[in-house]
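Report on the following structure.
Letters are used for the chains, namely A, B, C and D, taken in the order the chains are written, and counting of residues starts over at 1 for each.
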Amino acid sequence: MIANLVGRIYAFLLGLLIRWGLPRPVFDFGAMIVAGFVVAIFIALVVLYLIWMERKVSAHIQQRFGPMWTGWHGWLQTIADAVKLLMKEDLTPTNVDKAVFLTAPFVVFVPSIMAYLVIPFSATWIVRDLNIGILYIFAITTLVVIAILMGGWSSNNKYSLLGGMRTAAQIISYEVPLVLSILGVVMLSGTLSMNGIVQAQGKWPWQWYWLPQILGFLIYVTAATAEVNRTPFDLPEGESELVAGFNTEYSGMKFAMFFLAEFANMFLVAAIATTLFLGGWQPFTGLLGFICFMIKSMAVVWLLMVFRWTYPRLRVDQLMDFGWKILVPLSFVNLFATSLIMVLRK
Amino acid sequence: METAVLDRLHTEEFLVNMGPQHPATHGVLRLILKMDGEQVISVTPDIGFLHRNFEKICENRTYPQIMPYTDRLDYVAAMTNNWAYARTVEALMKVEVPKRAEYLRVIFGELQRIASHLVFWGCMGGDTGAVSPFLYGLRERERILDLFEMTCGARLTVNYYRIGGVSKDLPAGFHEKAKAFVKYFKPKLKEYAELLSGNVIFQKRMKGIGNLSQNAALALAVSGPVLRGSGIRWDLRKDEPYSVYPELQFEVPVGERGDAWDRYLVRFKEMEQSLQIVEQALDQIPPGDLLAKIPKVLRPPKGEVYVRTECPRGELGFYLVSDGSTKPYRIKCRSSCFVHVSALPEMLDHKGHLIADAVVTLGSIDIVLGEVDR
Amino acid sequence: MWPYISGIIKGFWSLLVGMKITVPYLGRRAITIQYPKQKMEMFEAFRGRLALARDRETNKEKCTGCQLCAKACPSACITVTQRKDEEGKRRSEVFEIGMSLCCYCGLCVEACPEDAIVWVRDYEYSVYDRKQLLVDKPTLEAIWRNSLSQFKKEEFNEKVA
Amino acid sequence: MTKEDILARLKNQFAGTFEVQDIPPGTETTVKLSPGKAREIAEYLRDDSYLRFEVPLCASGVDYPPENKIEVVYHLFSLAHRHYITLKYYANRANPVVPSMTPVWAGFNWHEREIFDLLGVKFEGHPDLRRILLPEDWLAVYPLRKDFAYETYVPMPPK
């Protein structure tokens, strides 16, 4: 329905502008920019909702109310906070590496927005269905580490530096099991395209890849938690030891950017999990498929939130131990078992 | 990396100022950490940010007037501070406290112990990164504070004990409420053992961290759960029994290795024991007077006395010198937290602990800066 | 090999147990209250705010200005002077409490032989100006009278219920 | 060991270098040391298998302006034998220097620093005699001395 509408508008505009003499590549480029904006706005909305959700989940786990006053059950609270952060004085501490310090909060947002471009929100709701979608996503998301490292390094603060270094070590080591864990899915589906993987999974929950790839799914969730720096792997910002880690010196809107990026990334890994393991928009298409997709993603996000409010945090060396000594071997086992079964089946 | 490259790489130790404003220092404590990357080489505690010279204030107050100031020493366990001070003056004056008052003291002292350990338990969760236990711990503590409030009117700075007894009798409905708490809290303890103590991450974070050997524990005169965590079975309530503790059944839990995990477990088990004591004391409490017969204006005889009392954090000792007037000539408050902070370098220096371990160790000795700085 | 595998399984299990405890809380009621909308009922013994009581029947001052409260006060925040009223009885002339110094220990209330200085269960007493923290006699009596009307309301509510 | 046993044992070894004080209510053995042999007596108290005072409970300083002395009091406890002893020695108020007990009992480290900070007693042989509680820019007045007046403290002017 909506997709239809979008398609019609697209066709109409295409016809109109071409008739007016606009070259086709320019039009395509413009359409891409518009799509990018739509995605960015979508991310912003999702992130606002997620922050509210995190507050509510944490509050209810702790038998509190959470925000209650701004809007119905405080659903406008995040916007109020964002406005407050916008109005705050934009502090730049002395002796920071200014250029790096100022760009880091924006760099952190770029990868997550870029990665959203290949997420199939519904059967046809995808900005670009790249044939190497997964590869693209994992290439892009790793760039977050650069932003965090930038923030940690440029702040000229020992806590920030430690936090930034921790992130680098953490993301690099968890990238390995993360990619290995999805290799099983790729092998089963035989494609790297995100939409292709969703289509390769059947219509119903028992056909989705979480069942044959249960170990892969668990590894993915664990490694993804580490990727987005959330408890029990939130070492870069472990508040009890590093104050606020890499964003200790950030305040106002710059802090808000880091904060929002964290949630954008969290939704991203949840969306990937949904696409790869939980059947994406299946079993519906169109708007219903989109709703399906969102519900599944939110469930994964909810799981990450419950993790955060239940578990203590690992120590740096234990984190590395866990990554290399447990997750990597397990993902190899998963990979091996998958290929073995596939060979035997043939 | 090859060693040759490592040699060429220029590295140096650096200092990290942990505190006075830091989420994990439990107040205004400053730890100067000498670090090699993430590793802690040595730690130098810097205290005194909350110093108000309690001892000098006391020299200008009459004996009963000092009681509210003891609330503010260890503000997480005000009841037992009151008790320690009251015991000191009573020892100097040789006052016999009525039985009912002693039972009331035990009930509130032990409830306070549970409340204090709950704060410790929650903070330990917070220090290791789990926030929910902190809220759960405080939730249970609120119920205990309710009991305090309905009896003496305040939750934190209770000022409940008096020299020679206690200030108020139990209000109507206290027994039922306290019993209800005991009944409610027992299954909760099991839940908490599963939530935090059973958690594999938490155990990994706590075990083998901040070891304090038996010899070092004695030489540094640590006390309370820190001493017992090091495996020394010494509890003033058992070994130098005061009040009505001889009439009550309870055990003294001890640790084995003296690491943060043992100190944690000792405190956790102490909560169970304290609950037992409260249960027994509630059943056995006799009717009677609340205050011993003491003169209106207190003039303790000339002399001096050193009395120590088992508080949740360790032994709180008061050295009291009296010159026979209405005001003490000198009071020295020997706070357990002060001693425990001084033992921090012994637990952390040159053991290859990481900065996260420093936080855990600091949390496991459970200090309150009001008592460290006095 | 086996300890390694069993370690993983046990660790995983302990994490599930943790979730089993926190997740059910999501469905339970919050135990906190929405403060300015909802208010706490304080206990009878609550040490909220100091007030100066009068005799309920005759509405005469109870305070005799004996200064026992001032002497009992550890932070010396009570100032009392004595006068004689028309009937020749001892009354207080000045009665001031510096609430910024007060530590709410209640020793003055215990010391008072006439039960003139009392606790009121009010707990909302923040002020905008530091000067307002020096509470004089009329204000202390007004606090007491206010608390009386509050009591009456509560009693009335009880009767209705 | 009872009070008498402890004293007898000490007298055996160090007769004449200390005197026994009887202070009400008299729950503890109190011994006044002369600074000369203090360290040896301390080491004996710690190491002797019958005494074994291994726990340094508390160290405090008391100012006595009329007698022109500052008393440094050490409370010791033996976990092995469950007995107590109190050691004292007197320092001259004008120039209070006493031997430190920290080399014998490491636990006295911070207590002695506190006495140094608040009473101005200098401990000879203390490994790390620094300020501990008072701010670094505090003037050389000692708050726990009896002649310390509140007036010497100048608070920040109100804004």
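Here is the rule we go by: contacts are C-beta pairs under 8 Å (C-beta built on N, C-alpha and C of every residue); 3 or more make two chains touch, one makes a residue touch a chain.
Just so we're clear, the structure is a prediction, and the values are computed from it rather than from any experiment.
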Which of B-C and A-C has more C-beta contact pairs
B-C
Taking each chain's centre as the mean of its CA atoms, how far is chain A from chain C in angstrom?
50
Averaging only over C-alpha atoms, locate the centres of chain A and chain D and give their separation in whole Å.
63
Rounded Å distance, chain C centre to chain D centre (Cα mean):
43
How many angstrom between the C-alpha centroids of chain C and chain B?
26
Scan chain A for residues touching two or more other chains and write them down.
61-64, 309-311
Numbers and ranges of chain B residues touching at least 2 other chains
132, 139, 195, 199, 201
Among all residues of chain C, those touching at least two other chains are 15, 18, 21-22, 31
Pairs of chains found to touch, sorted by chain label
A-B, A-C, B-C, B-D
Chain B partner contacts - residues on chain A that touch it in the complex
58, 61-64, 158-159, 162, 231-232, 234, 238-243, 309-318
Would you tell me which residues of chain D are touching chain B in their complex?
23-28, 54-58, 60, 62-63, 73, 75, 79, 82, 84, 86, 105-107, 109-111, 118, 131-135, 143-144, 148
Chain C residues within the chain B interface of the complex:
10-11, 14-15, 17-18, 20-22, 31, 42-47, 72-74, 103-107, 110, 119
What part of chain B is in contact with chain C in the complex they form?
61, 64-69, 71, 132, 139, 146, 149-154, 157, 159, 167-168, 171, 191, 194-195, 198-201
Note: in the complex, chain B contacts chain D through residues 47-48, 51, 53, 55-56, 91-92, 94, 218-221, 232, 234, 239-240, 301-306, 308, 317, 319, 321, 329-330, 332, 334, 338-339, 341-342, 373-374
